[in-house]
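Sending over a structure as structure tokens; questions will come in a sec.
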Amino acid sequence: MPAQPPATFSNGVHHTEVRVRFGDTDPYGIVYFVSYFRYCHRAIEEFLKSRGLAPEETFKNVSEGFGLPIVEAWGRFRRPSRYGELLRIETRIQEVRPKAFVFRFEFYPETGRELLAEGTATLVAIGADWQARKLPERITAALSRGR
Amino acid sequence: MPAQPPATFSNGVHHTEVRVRFGDTDPYGIVYFVSYFRYCHRAIEEFLKSRGLAPEETFKNVSEGFGLPIVEAWGRFRRPSRYGELLRIETRIQEVRPKAFVFRFEFYPETGRELLAEGTATLVAIGADWQARKLPERITAALSRGR
Amino acid sequence: MPAQPPATFSNGVHHTEVRVRFGDTDPYGIVYFVSYFRYCHRAIEEFLKSRGLAPEETFKNVSEGFGLPIVEAWGRFRRPSRYGELLRIETRIQEVRPKAFVFRFEFYPETGRELLAEGTATLVAIGADWQARKLPERITAALSRGR
Amino acid sequence: MPAQPPATFSNGVHHTEVRVRFGDTDPYGIVYFVSYFRYCHRAIEEFLKSRGLAPEETFKNVSEGFGLPIVEAWGRFRRPSRYGELLRIETRIQEVRPKAFVFRFEFYPETGRELLAEGTATLVAIGADWQARKLPERITAALSRGR
């Protein structure tokens, strides 16, 4: 992948926040693991916007003939969070491949640096036929900025 | 509305069940009111299928040029339900109008007839232009069967 | 209810915003009616905070021996909203009764005053025995401020 | 781990089904990856019940002083599924460790053996102090049955 920057970088971290809402917890008041994945998608949307990519034209773009479905996701949930808490999410591009890229997420409390949860999500570029294709140039360029 | 049957009827009740799942409650273990509306939609889907209407061709049908969005919903939540409980839903057509129809839902516990929650949902027929239109004949016919 | 202000008032409107997220729509890209009710709860949480009431100590407060479950909700969905749109929510206290109060919600687009959706939610004060009780003084006072 | 059975086994597969519901998709009608994780939790609930473990007394059991939070989850989403489809879920215990166990999930269409999605979820036993502890004997016994 000569055209792509190296996977490690010191900047390029996007910061966003999410408030734990009423329907986000399990019956015991602890954030349901499923909600973290929902928060991750929200972090992706905010990340894309920060790079000038409108999410509603990026996950599926009919006119340019591509889609970017999430094909893999992983999360580790280290400390419980509770209803009403504010979570800070740090989002990075962990890897850019010719046809895919990987986000990395870290969740921190409102104050302090205790890692509450972490995760990754892999998006693959597909064409109208749902077959993998090369990432559109402008997407790769936008994702690689600031790294 | 001479073509429609009267709004009251003794049969035509559809029965379905829903299990309260892990993510359906509030932080205190009580079913979140939002989840009841989700259960109502599920009851509509099961009701439609019982009348021979595939939900995925009924809420929006491009080839026949109609959609059936929910334009109004109401619910009253009388008794708390908890994680793991089985809820029985009784679904009726409360009213059929030329361009719309109204579902009525009643939620009961696994055993007994204590009314846990009740609600309604109104669906309006629209055309490709999102303007209200007459309900397709076959929809009206299917909904009116067994009343 | 001599202690309560009249139900109509020209101020006391709380403004908040919500972004339509990836999982909030139906299969056709239109905001699912259930999501509006979730947005309403979020608006309640923001409203309560603006009045100095922490949601996580207001919906259920063990030490003070009260809860505030939502016992009734209603919504009318007038115009479709789509993924990625910003919705502005105006929240008011429509009514304060001795044991209950009613929120009113109006949804507007990012710009303009077209009413997209509207709704209400009724919260009742209950004691540890789940029986209706008088609203705690400090709750009534906080809700009545600025009206 | 001499007390645990080997990780591979030919039986012990639990089968359940889930219908793709109206709110489970993304704006393009494809099942949202977050929904798969919700389906996985549902499969866990059904699996536990098939082993005689009531979910509402298993994820958190105050009287026996243990909880079983999900501390890690992973999913790969191979083929798109759409609104209205029936998904068959095969659930296995992939691994039982002294303080944790791992579920493996495979999603198949209503007919055929094309793998639509797969995933895992790791549950750790914790005590009232949220520290990891040995799995309760009866849980280990129930999970190991039929392997």
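By letter and in written order, the chains are A, B, C and D; residue numbering begins at 1 in each of them.
What we mean here is this: a contact is a pair of C-beta atoms (placed from the backbone, for glycine too) under 8 Å apart; a residue touches a chain by one contact, two chains touch by 3 or more.
This is a predicted model, so every value here is computed, not measured.
Comparing A-D with the candidates A-B, B-D or B-C, the pair whose contacts agree for more than half of the residue-numbered pairs is B-C.
The rotation relating chain A to chain B, fitted on Cα atoms, amounts to 180°, rounded to the nearest 5. Distance from chain C peaks, on a Cα-centroid basis, for D.
Taking the mean of the C-alpha atoms as each chain's centre, chain C and chain D sit 36 Å apart. Taking each chain's centre as the mean of its C-alpha atoms, chain A lies 30 Å from chain C.
We define each chain's centre as the mean of its Cα atoms; on that basis chain B and chain C are separated by 24 Å. Looking at chain A, residues 22-23, 26-28, 32, 34, 38, 41, 56, 59, 82-83 sit in touch with two or more other chains. Chain-to-chain contact here is organised exhaustively, every possible pair of chains being in touch.
The touching residues of chain B, counted against chain C in their complex, run 26-28, 30, 32-34, 37-38, 41, 56, 59-60, 67, 69-78, 80, 121, 130. Those residues of chain C lying in contact with chain D across their complex are 22-23, 25-29, 32, 34-35, 82-83. Note for the complex: chain B touches chain D at residues 19, 21-23, 38, 41-42, 45, 54-56, 59, 82-84.
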